[in-house]
Every structure is written in structure tokens, then in C-alpha cells.
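Sharing a structure here in C-alpha cells format.
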């Protein structure tokens, strides 16, 4: 924008890679005028997305989600707690988002990434706002014992749209979650009913079978980058760093708006742009729903 | 609780004005530039001095005087119950600061500009009065390292329990919650460099209690001087002078 | 369909606003912003030389430190720090002072709802007080959505908790320009209708959100005149002093 | 950290090659060992060991605790090392943590045996008071006061001496407690049980400088090492733990050779240490 | 609200009902007991390696041995920390961490404080540090799931990631551990076997140079037994190195296509 005219003259001489490094914004703007992105995608298209369920054997529910090269591993561990006095028949969900140093060159051990607690907060807000999980289903014995679901999401590879991938992996992990069958023992502690003699135990089994949670409205999200009048769906890390305005829209399966998140940025979002982002998210939601359903049905066949 | 019996004896059998057995030893840490052990009854601390040497962190360098640093740490086994987290708590930070300020005041820092002096004190056993013991050990260690000082700074604590001024409180007396005065004193200059008190006291009694602590400091100063003389004589002897 | 608010306000009515600037002596700029019982104090230090690691040295860097009323900072405060930082970055002219850092310290004095908008308004006033070059001001508001679809503005803490959803919105203020009015329009919408920052809590329909936007815009237009009036006399008096 | 000139380096290396080290020792000779026991009266047992300028204190504190469910018939022992900043200014603040962890892990590996407790120098089952309910937790805390090389051997010896010095109070269990209740106990303050410390291994660190190995290296000598192996050997001549330091690779046959040398050295060290500990204990009783 | 801050109650994971009758995994008297996963004593788990698992890193590798799953990223050579003094050889910085769900009970991974320094010691002898003076190579490992023999898997995986990043090395570093259970030596133990072991031995070596870079032993061992254990591990290491080598070859051949 404010660049001198020099790059224009140079562009015919330097090779593409050098041009990309030296004048990243110019490089992108040239692509945008052609309505295509450097990785060959049209502006509104998200990257290839895959979900693999049950990636972690030691957890009760887990999923690996990949959007392009952004990779998230989510796993849920179920532990028992005494519910709080105000909600004696509700369980609890604790969500934590981690960015270990392996995921990106900017994270170093001992110094957690600035963005990690923010994404963590956004995830727990989104999941509680959407009402996807009925916390009452996590209750075991009213007032005495309830499930605490520890959901930990690890970013294995960070290449933009972290929140989208994290939310997708979280949702997928919940859909894969199998709550173990447990009973109450004499000490008032909850114990796991083991498979082989589970039937024989006549002690008051709290939940007799392994069960799944009913997921009501599932939230799906899409992050877009705004630049001038262009809207780029599902940005890579490079795109996020060059064009700084991001908008994240979260819709749930009943088309309610769960979150519209735009933290600052040089570009102002006008109503039309917001509506465009919402429309893109609607489209994306259908894709993601399908990918999730396929992953789940794949599990049932096994 | 009764801290002074009707016969005028304290819990450990001392008289109110009596100090615990003190013992000092110079040169406990071979590798350090100066070091000393100081014991007051069951309280035992080691101090080691490194420097004056090049300033490690350039941004802390002071152009017209030496940088004095101090770290106070307690060994896991120094207290009755095992300590879980011995480093960097608020109490240690505070004591480090007190020791640093006290020692800095008596070191002739202007003679060693752009250099750094590190004082490390390690508590091996804590039985009240660690602060004083650390200052005494640090003085000896600084002297051993040959660092120029205005005077030997010595420290002693005193308290006021059962309407009696008590010299050199031990752990039980210290944790009784009564007033506890710690004094740092320059015996030759006859000046107080450190004065700390917990709890409260009427001003006239305070003067008595402080005076008692000052007397304690003087006694320690005499002892320290003896130890240093002894040490110097030994060095002399070893050099064959 | 009217909603009765506990404090007797109308749905569109804001709580009494108060803003005072230059209240801290040692800070380069400071301001406190009060909306009803919510009060935030902001201090600005800088621009100081150098930027932190991982920041672009070719631009001015803004650092936000959030100090809660009590206790330690957690994820919520980290998120607030990030939102305030990004919002302020978008209104500052960052290429004027490259390779400098401006610290913005946000101290919460009391939280009775609409905390984040209050903090953004205060931070903006403090930046003006510190004389940091800005493109325009940012005006923040909180809109609350009741179950019935009714929207109230500037909720108290109690209202925030009892409502279905709420949205934090930040808009640019209207610019007084010597140029003809038309030049300020972007895509057929006045510039001050563009959203700088948006954050929501709770689920709502898309239409409800758009309604919130509309109400927010109307309210911030009024707030920005208040803000402008508040800033002007001091600038004038400072000028007269300097002159 | 150790600033040595090229000449000094050559001097140290050359001396080692000719079997006469800077301080006149042979390659496999230890510095004089000085043992002092009962230095920390507040602990159940303590010892201070000086090997040349290296000076360490080890203490044992015993607390009553509950055995872990996997091993109801065993007590628990944990070893922690703390590097005091008095030993070196670089240990200031958190600077000593890395070395402390490394030493703690190496000591645990050498003295506590495998996960199941087999091969431990300390008989863990002797720490049990009531099976599955009460046992002694031994906390072995070590402090490095002054460091001039060979810390691991000195710490190992200090722990051995401290354990010889340790008396665990006799515990009377009140009868009648049943089921899941914790039985009440009465700790005697007169009767103490001594440990059998004959099985506790000694640690021998062989430092490889050039083509030769030396024992009990000073800091200067350690700075010239290519690699070092710490081997803990018990009275039976069995290896109870092994840790390698230094990144350079070693041929497996050299490793085996070092093990056999260490075994040989350990016998002498063990005897020397035992007599020193006995002398220290006798000295303490007299005073 | 999910995860209210500050009010997190204490939780426990429900234990199995029949803990008392949980049998030890082998019987001293039984001569021919089988390992829980049916392997022979001297048989390693099938090893799976893949390089280039993390795009954001200069080099990376993923390794899966049974239930043990590990990811290692290598960054650099890049600028050393500002506080570091000048050095005419490169620096190696290693860090090993665990996910909270890696271990059977949540968040036990932090027990392995010494793994980072072990990884460092195992690798530094193999890397030619002279080739990147003044700079640092960071090796970060994340144990996704702990299934026993975690450290050897991390070490082998890290050397593969270094190779993927194009860092010059004398040789690949392969690592294998074994457990001593009673009289038997079992190689590449799983978590359950490790928790019952009487002794353990870990070797990291450069197989082509036939050099041991790291060796640790716990428990009581006689000399012949240590000889046997070392030989078993060294043989396994050279086999493992072949697998690693073929994985690297595969990766380069596919990238050339």
C-alpha cells in the first residue's frame, strides 16, 4: 500500500520466492486480484479437513483434527469430583488449550504462547454458550459424585485458524467420548466396573453401561481474514500474519450464532462483510458436519 | 505460656540477659574467596563471599561503586519439619534484602567501582535469630575475603516476654509472638545500621530492649575480633613469619 | 414489550458516564472511565525505545497489562489483554514511532457489568491524554439480549448474568471533517458503522446480532459526542497554556 | 565455567597420561576423605563428607506415612539434592536446579534399585510399621556446600554415612484398630532402631580423560573429560546403578572395562569409608 | 459455565473394582510366562516412523511403538538467546514434555524432569556442532501417549527429526531399553512391565560407529548379566537404525517424485 513503486519494477526480475519474502503484501494482493490464493484455493474455500477419532487410547474420548497442516489433538479424561453446592446434579468440563513448543517456532519451553490462554477461554465460552453438552448428563450421584471431564487440546502443528481446528477437535472428541460404567463402592468412592465381572456386581451400579453423551446443537466455526474488500476463508499462518484482521464466526447446528469474534484489526467490518462471513460459515458448517458424521459412522463400523 | 520461670530462668535454662553459646569458624568453603560458619546455639549458618569480580549482568553495573548482592537460602533440613520449597519465598527475599542493605552500608563500595560482590548465606539449622547469625557470618566472610569495610557489623536480637527483656531469642521464644528487636551495629563507630521490630512496645521499654540487643552486638563483636585475630595468627604461622 | 430494569433505566438508556483525564502524575497519560458502578483506571507509559521479542520492530508496539480488582490474572484477563491490545493497535498510527513500545496498564477499580467496553473507552481516553497519534477514537458498548429478543444497552453485572446473550462492540467515532460528507462512506455505509472489535457470549440468532449492531451504533454515536466534548476543552486549555 | 589456559589443560592431560596428577595422586587414588556424623542434630541422621575441597552434607529425616497401594509392604525413600549458592555463584536463584535434578536422579538410580524395589541399597520392607497402612517415609536431603568435582561419589558416601548414623524411633502400634481405620501409633523417644547399611553401595565415578580413566576428579580435571561413568557397586560386587555423563560416544568394550575397574576400586573405597564412618561414630559417642 | 476458574474441585480417577486381585504380570516359578502383549522376551514392538509430521518445524518426526506415541520437532539452527555468550560451536537445546492425557492417571508426565537432559546427553555426541557456530538447534519432544520405553522412543525419534532438518550428524542415534523381571530380561518393555521391573537398562548408541552415547542402569546386576543386557540392546539398536534409515530413504524418494 504505502510501498514505493520499486517492487513493481523488480517483480519481473526477482524470482517468485524472493518476491514473496520481500513484499508479502504485494505478493498476496496480486493473487487476490485474480481471486486465487498462493496455495491454489479460491478465496472462500477452506483447506482439506480430516478427523480421526480415538487417536489416544489412554483417554475416554479423543480426536485428531487437521485443517490443512494445522493439527490438533484433543483428548478427554473423565475423573470423579464432588459437585458444588449450587449445582449438585451437574458435572463439569475443564477445557485447556496447549501450545507445546513443537507446534511453532515462536513458542519456547517455559514461556507459553500468548495466544494459548485466549484460545482456551474462547473454547470454553463457545462450548458453554452453545449448550452442546447437558451438564446434568455428567452427574453420577446427586450431591455426592459427578464427572469432571478434562478436555485437553494440544496443537501439534500451528498453521493458522487455530481456533477452528481446536473447536473441531474438541467437538469430535466429545462425539467419541465413551463414559465408563462405574458403581459406588462401600467407601463412597466411585470405582470402574471391569468388563469381565461387571454383570456380577450387584452393588448399586450408577451407570450400568458405557454411554455416550447426547450432543445437542454442535458448534462449528470458520475464521476469515478481511483485507480491503476481500474475504479469505480459513487463513494460513502466513495469511494471518500479513493481513491482520480476522473474524471468527461460530454457528451451531440450529443456525444460532454462538460467537462472532473480531479482536480489532486495521479493517473495519461492515454489515455486508459480517453477513458474508456468516454465509461462508453456514456453508462450511455443512461440510464439517458431514466430515464429523463420516468419522463417527466409520467408528461404528469398526 | 511461661517463658521466664519464677527463678528467672528461660526455657533453655539461660538467664534473661544471657546469650547462647556462639561459635565461629573462618574458611568453611574452600572454593569461595571468603567464607565463615557462625553458630548461635542451635542456629547454624554458612556464608560465602565471591568477589570483588567482574559484573555478571552488565546492565546492573554501577560506575562509581561496587554492586553488592545477597542470597539467603535455607536447607531443606534446617527446620524441625522438612521444608518443601526452600527457595525464593517472600521471607527469604526479605531477609536477603535486609542482609544486603546492612552489608552494603559497611562495605567501602566506592573503592571497587564496576565490580560485583556476592554474599551467599545458607542456613543449615534454624533455631531463631537466623537473620542475626547470617549478618555475623557475612561479616566474617567479607573480612576473610579481604573486602574493605568501615567496621565489622554485628547483629543480635532481643525480645520482651513475661515483662522481661530477653537477649538472643531462640525459635520457641521467637514464635511466641512478642516483640522482637533485631539490631545491626557498628561497634567501633558506635552506630546502629539495622533496626527491625515486630509487634509493639512502649517507647521506654523499647529503649531498654534495644540497648540489650546492642550489648549483645558488642559481645559478638569482641568474639568475632578474637576469631579473626586467631585466624590471622594461624595464617602468619603458616607463612612462616 | 418493555423490560423492567432494576435500576429503572429504559432499554436504550446508558448509565451515567464520567471520564476524567490526567489523574496520575507519573504516567505519560492516564484516564478513568466510569459507567454507573463500573470504573476502570488506565495509565499509559511510552513510547519507550525498543520492542519485545516476536513483535515487528518496523511498527510501534502496544503492550497491555490488565490488573484485576483482586487476585491473580487468569485466562479471562489474558483474553481481555489481547482484545484491548488488538483494538488499540487498530486505532493507533503505528508507523509514526517504529521500534517503540507503549505500555497500557488497565486497573479495574470496580466491575458492575460492561467491564471490557469500559476498559476500552478508558484506554482510548488515556492514549489521547498521552498524546499518542491516533487515526480516530474507538467507542465501545455492551448490548445485552433478553430471552424475548429484546435488547438492552450497558447492562449491569446482574443483567449480564441473567440475560441470554450479550455482545461487546467497538466502533470508530464519527470524524469531523472539512471534506464533503460523501468521502467518509465505505461500501455505501458510513465509516463509523464499521466494527473494530466484536465479542459475544451466549447463543443468539444472526438477526439478533445485527439488531445489536444497529443499537450499538446509535448509542456509540451519542457516546462519541460525549467523549469529544470531554476531550476538547482540555486540549484547548493546554493549547492556550502552551501558546 | 572453569577458565583454564592451554598450558594448564596440557599439564592436566599430560599428568593423567603419566599417572601423576596435578595434586600428586595416581589415577586411581582418592583424595583424603573426612567423615563427620551427627552434624545436624534436628535430623534423624546426618553426615558431612569432605573429599579435598568438595564438601557435602546429607541428612535423613523420617516421617510416618502411608505405603503406596502397589507395594503395601514397603516404605518410601526419596533423595533430594540441593546445590547451595555458597558452592558456586552460578547456583544462585534457580541456577542450581538443573544440576540438582541430575544429581538427585543419579542418586535415586544408584541407591534405590528398580521400580519393584529389588536391588535397593536400603531394605524398604524394614520401613513398614503396619502393612498397607503405616510406613516410614525417609527423606534424604543433601546439600552441596562446596564443590570441587566428584560430587556424585561424595554424595553417595555422605548418604551411606548419614544412614549409618540414623536412628528410627521404635513405634508401638495400638491394638484394636481394624478395617480401614488408621491404627494409632505411639512413637518412642528413647528407643531407636539402627539401619543395616552394609548393603548400601558406593558410587565410583570414572572420568575418562584422553585414553585413561581417573577416579575422584577435581573440577579442573572434570573440565577436560570426554565422558564419565558413575557406577554404584555393592559389597557383593554387583552393579546397582550406572549413569553416563558427557556426550562423547564410547565403544561398548570400553564401557565393560570401566565397569571392571570400578568394581576393583569400589572395594577399597568401601573399606576406607566403613572405617572412616566407624571412627566418626566413635568420635561422636565420646564427645 | 465450564471450567470456572479458582473453583476447580479435587478430582480422582475411578480405580478398577478389583485392584486387590490384580495379578503380578509374571510368576517367578512359572518358566514360560508370556508378556502381556504376547511378544517374546527379546522381541521389540513393531516400530513406525514418519518424518515431516510438523510443517512449522525445520524438521520433525513421529514415532509409534505400540501405545507409545511421540512427536519431535527440530527448530534451527537459529539465533541463540541474547544472554548466551559467543560460542564457536553450535548449541543444542532439548526439551521433553508430556501431554496431560499421556499417562493413565492425568498429568503424571511431569515426573520425568530428567528426560530433557538425558535427551541432550544422548544426542550431543552424535551432532557435529561445529557446523553451526553461534546458533542453537532446538529439539522439542512431546509424548502424546506413554506406553512404556518412552525415553528410548523419544531419543530415536529425535535423531530422525534432526536428520529430517538436515542437521549434520556422525550417525543416527538409536535407543533401546530393557527391563529385568526376576531372572528374565525383556526388551522394549511396556508401561506395565516397567512398573514391575527389578532393574532397567537403557542404551543409546550410534550403530554404524558402534559407539555408546548414553547408558543408564538401575537395579542390581551381575557382570555377566550386564554383558548380556548390553549385547541384546546393541543388537536391537542396529536393527532399529535400519528401520529408521529406510524411513528416511522413503521420505526422500517420495519428495523427489
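Chains: A, B, C, D and E, in written order; residue numbering restarts at 1 for each.
Just so we're on the same page, a residue touches a chain if its C-beta (ideal position, glycine included) is under 8 Å from a C-beta of that chain, and two chains touch if they have at least 3 such contacts.
Protein identities per chain, from UniProt: A = Ribosomal RNA-processing protein 43; B = Exosome complex component RRP41 homolog; C = Exosome complex exonuclease RRP46 homolog; D = Ribosomal RNA-processing protein 42.
Source: prediction; values computed, not measured.
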item	value
Other chains in touch with both chain B and chain C	none
Chain whose mean Cα position lies farthest from chain C	D
A-C compared against A-E, more contacting pairs	A-E
Chain closest to the assembly centre - both centres taken as Cα means	E
Separation of chain D from chain E, taking each centre as the mean of its C-alpha atoms, in whole Å	27
Whole-Å separation of chain centres (CA-atom averages), chain B against chain E	50
Centre-to-centre distance between chain B and chain A (centres being mean Cα positions), rounded to whole Å	58
Separation of chain C from chain D, taking each centre as the mean of its C-alpha atoms, in whole Å	62
Sequence positions of chain C contacting 2 or more other chains	74-76
Chain A, residues touching no fewer than two other chains	124
Where chain E touches two or more other chains at once, by residue number	none
Footprint of chain D on chain B - complex, ascending	28-32, 35, 42, 46-48, 50, 56, 71, 73, 75-80, 82, 86-88, 118, 120-122, 124-125
Chain C-facing residues of chain A, complex	2, 106, 114-115, 117-118, 120-122, 124-125, 129-131, 217, 229, 245, 247, 252, 255-266, 268-272, 274-275, 278
Of chain A, residues touching chain E in the complex	55-59, 62, 69, 71, 73, 75-84, 92-96, 98, 100-105, 108-109, 124, 127-128, 148, 150, 152, 154, 156-159, 180, 182-183, 185, 189-194, 197, 201, 237
Chain C residues touching chain A - in the complex, by the definition given at the top	54, 74-76, 78-79, 82-83, 85-90, 95, 165, 167, 170, 172, 186-187, 189, 191, 193-206, 208-210, 213
In the complex, chain D residues that touch chain E	69-70, 98, 101-102, 105, 109, 112-116, 118-119, 229, 234, 237-252, 255-256, 259-260, 263
